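Below are structures written as structure tokens.
Consider the two complexes below, in which chain A is the common component and chain B and chain C are the respective partners.
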Partner chain A sequence: MLVFNFFLFRVVQTDPIGSLFRGRNVPQSTIDNLRVAFGLDQPIGTQFLYYLRETAQLNFGLSYQSRQPVWDEIVRAIPATLALVGISSILSAVIGTFGGIVAAWRRNTWKDHSITSSTMVFYSMPDFWLGMILLVLFAVVLGWFPVGGITTAGSNETGLARLIDQAYHMFLPALTLTLAYLGEYTLVTRSSLLDVMGEDYLTVARAKGLRDVRVRNRHAVPNALLPVVTLTAINFGFVLSGAIAVEAVYSWPGLGKATADAIRGPDLPMLQALFLLFSAAVIVFNLIADITYSWLDPRVEEI
Partner chain B sequence: MSDALLSIRDLSITYHSQGRAVPAVRGVSLDIEKGGSLGLAGESGCGKSTLANSILRLLPAGTEVTGQITLDGKEVLGLSPGGLRAVRWTAGAIVFQGALHALNPVQTVGDQIAEPMSLHRTVANDDAAKDRVVELLRRVGLPAARAESYPHELSGGQRQRVLIAMALACDPHLLIADEPTTALDLMVQAQVLALLDDLKEERNLTLLFITHDLSVLTYACERLAVMYAGRIVEEGPAWEVFENGSHPYTRALAAAFPTIGDVGSRMAPSGLGGDPPTPGDLPGGCPFHPRCPLAHDACLPAEPELRISGEARSAACVLV
Partner chain C sequence: MTSIAMQRRRATASRVWAQFRGSRQGMIGLAVLLVFVAMALAAPLLADVRELNPVFARAQGNPQWAPPSVFPPLGTDYIRRSVWAQFVWGSRVSLFVGLAATVLTILIGSVVGIVSGFVGGKVDAIFMRVTEWFLVIPFLPLAIVLASVLGRNVWNIIFVIGITSWPSTARLVRAQVLTVKQRLFVDRARSLGAGGGHIVAHHILPNVSGLILANATLAVPISILTETTLSFLGLGDPSAASWGKTLEEAFVNGAMARNAWWYFLPAGLGILAVVLAFTLIGRTLEEIANPRLSRSR
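And now, the complex of A and B:
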């Protein structure tokens, strides 16, 4: 992972220092000094060894752009992303799962068709494109919501008023992410529940005299949700990085926007640290998925 | 018959799949008196399981069911959804085939046995339900601790016992056993059969036993009905039908089992050639005639009706 992280960005032939100055006339000595300061004058093997040593000590270096420690920048960006991604992940998982249950249980009715087709439409759209459309419609044309950022520029509100202001700013990006991920949950839940609906134990449950709703909630849904739990946890890991495009569209000061900005540099230490974080998130949430699974399904042995 | 617990009249069941009508049961009438037992035999696809599921109206939506099913004095096909739920598992319960996924994999078997009790309020509270689960498990020969097990932790025979315990949960009057011994090895089969037999005596159960295994039925049931292509082709006292079938199909089924002690029959059990007819595409006349060793011209014009073939016996064959 570390190896990949390091060389991936080295493969791209760029000049990080050069792009810092954007073609301005800077003495060659300044450039050389910067090169030495960032260690870019060393051979690549030496750079890699430095990288390994420092990463092991959780030192991710200084950002090329802000000259601040990379880790501090990331820590500053985490809350914004967690709030945005957390809320929209939970919303899309809950609404999508519920929609999938209704669609499967009432399959081939107008309910099924309208749920499946509408979520599919959003699922098929690229999330940044959906974001831009919503942005143009609600922020530019209608003017209901702000165009970007996390707080109103120049405001110095505190406490609840600040929170409301942030929520107001979060509405459009959260809506975009929720809509974009809704379809996946709906489709997975629907197909998983349709599989379960053919099982004999549902006939048995009906034979016992259970109401249709109880057959669904007590016997069908718990079995059908197993793959959805896995999907939710894994998505949570990916969504952290998947918000890059949406955060960039709405200038949301989170990890995604930090990534987009760092790519423009390229701000190598920043990118390395971000990608390390994203990979760690995926691994952690996979682990959470496995643990939840063994807790929900008695057939999976404790790990 | 007034003392019949289950009475079926002219029952026809037609599945509709992809715009095609598939008749699975075609005009079946049968009666089981209180405390009696009837075995329903036939090959796969003859409609016997469809018939069993129709008694509690468990067939998929869109299935066409006509005729009359009277269970415990109630007209099942005319019941409201609430009335139907009240009849399910109390008037009649089904022992499902344990080899299938008849048990929910993520619930303990104890919870699954207790579920209908609290639903139909046959027990006062959860503690009483737990006690009854333990009592039922003991009765079917399983230790009380098994209540905490999940289905995948049990063997095939144990699962079948759990399904029997589950069926008994609300003291049903009619017990429908749908292939309860299929996919079990012979020793376990015999144990399960003996258990069902004991329970029947002990609780005065009325039993509808469904299987393709004629020898099982003659052991477990007083009367026997043989189904072919959605109709009953022969009915009568179990041993008589088995030993001395009137319908050529019954004789072919009976002959498929080797006679113990008869070396010749063990070496060459006589099977029945050909395949069962497709329900959607039955041959004209007697549906059995393409496979019947005694078929002749009289079998072709019309499908024979059931007619009296002896004391308390009937068969649907032109030769009777």
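And now, the complex of A and C:
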């Protein structure tokens, strides 16, 4: 019931926002015949119904820049973003969680201090700036990696060779995003595990004579991972919108770069559709986070 | 306010300061922050503002794309402007936008949180729905959309950051208000005939202000980073160049292909240092305001 409410009011509310900034903005920036063409001379109620119908059919109009249907452009950009940000999210979640566990278990040792402070440094810098530095260092100065794009220009490889080429192009942006996302997971895991470490049942486990590693892996970590699971699920919702600036730096042809290009226009139909898609992704993954959480932690249902 | 209450406040402040002084990370953060604040305030003494004008830079005979060894201290950019001047004057804009946006964030968040927590009932339900809704829409895309609709200007950026980042503060403050509201002294004040306004001002607010302060310090980094990203994406104010704007210009004009590290390193390091400083201070304040945390750390 709770979940249902949660879902309903969000879906209903996302649409008006989209139509609102469309209706408000187009008249400023374009001429009157565009108003008629986009149906903006209609009363707001009619406009809204029209908008709902079009959205249901995934018809978001033409992009101002390319004169192509917006939805086609977006669909073309989705795989690149999913691959890049998906891989970086998984890597950073795994590495970050592991780092957080080590830091908490060896609290106040040099291991803890080096893990915590290095992740905080990565967490505190703009992700695209990290990308710029890595790009200059590894692509411009050392020449180990390509400077951008997703495939080598002019190559017409297919199959495995193409895949390898793409992976090679993905290395630097993926490294950037992984480093940028790490901090959050490390810090959350660390503080959550520290909370658990004060609990009585760990003392009991130790009193039973269990080895330290077993206490950690079997008793402490599973309970400490709850917030991390939520964080991961929520962050996956941001996967689609997560790498706008970094994609722009590496000219990675995904949704982020599409957003960055649309801003320069400004390409309003494009921005509007992207925003709708990003919101939808967040809503869906929030729902998943809620469900996973109540499934993992039975106490949630009591509330 | 009675003098007893004043004395108590002063005692609390000095206790917090004593605890803060004992924290190494807090003091490091404070020192770094003070350096940058001093730089922002003393900008006219450190660099001539005319250095930001490409016409002036050309008339001065500055070289183009000069590394620091040729044009100390930080070289020049694609239109011969001194990078050092951009760094010094950019610190003003970045710090100002970061702080102003945070003030707005905290103001909206605290008002919503206090009203929601204190009044309760229907008001609470409506406010929390709105908060949840803001919490769930993707923050950066919303900021981008708003910024591109509103136009490129410092105040719009501040407004955009404020309007998109208040919900977490509101939730935190509301939770704290709910616990404070249950305390005996609130009942006592009410039975002595105190009205809602008095209770909020004299009993609720002093008890949530520590939390609000810690939260504000931790919100500054987010504001600064958001401003940087928005500027980098071309939504910054063209007439007030922040560090993010410098990074954008460096990127767009090919500083990376030229390996002009002196152009894009300083601004990024400045952001890193300021953000880190606020994070360190904020975490220290949070530990002081919430002793449960400091015991476990």
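Everything below uses one rule, namely that the second predicted complex is superposed on the first by the 245 of 303 C-alpha atoms of A that agree within 3 Å, B and C clash if a C-alpha of one lies under 4 Å from a C-alpha of the other, contacts with A are read in each partner's own complex, and residues count from 1 in each chain.
Following the convention adopted for this analysis, a contact is a pair of C-beta atoms (placed from the backbone, for glycine too) under 8 Å apart; a residue touches a chain by one contact, two chains touch by 3 or more.
The structure presented is a predicted model; accordingly, all values stated were derived computationally and were not measured.
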Clash or fit, chain B versus chain C on superposed chain A: fit
Superposed model, chain A: greater residue contact from chain B or chain C: C
Partner chain in contact with A:Val141 - chain B first, chain C second, else both or neither: second
Touched partner set for A:Trp129, first chain B, second chain C, both or neither: second
Touched partner set for A:Ile291, first chain B, second chain C, both or neither: neither
First (chain B), second (chain C), both or neither touched by A:Ala83: neither
Contacts of A:Leu175 with chain B and chain C, given as first, second, both or neither: neither
Chain B versus chain C as contact partner of A:Ile263, first or second or both or neither: second
Which superposed partner A:Leu91 touches (first chain B, second chain C, both, neither): neither
Shortest CA-CA distance in Å separating chain B from chain C in the superposed model: 11
On chain A, positions contacted by chain B and by chain C: none
Of all residues in chain A, those that touch chain C in their complex: 9-10, 13-14, 17, 21, 24-25, 107, 120-121, 123-126, 128-129, 132-133, 135-136, 140-141, 147, 191, 194-195, 197-198, 237-238, 241, 244-245, 248-249, 259-260, 263-264, 266, 271-272, 274-275, 278-279, 281-283, 286
Residue ranges of chain B touching chain A (in the complex, touch as defined): 53, 56, 58, 85-90, 93-94, 96, 100-107, 115-116, 119-120, 150, 152, 166
Parts of chain C lying in touch with chain A, wherever the complex brings them together: 129, 133, 136-138, 140-142, 144-145, 148-149, 221, 225, 228-229, 232-235, 244, 247, 250-251, 256-257, 259, 261, 264-265, 267-268, 271-272, 275-276, 279, 293, 296-297
Complex interface listing, chain A residues touching chain B: 199-201, 203-211, 219, 222-223, 296-299
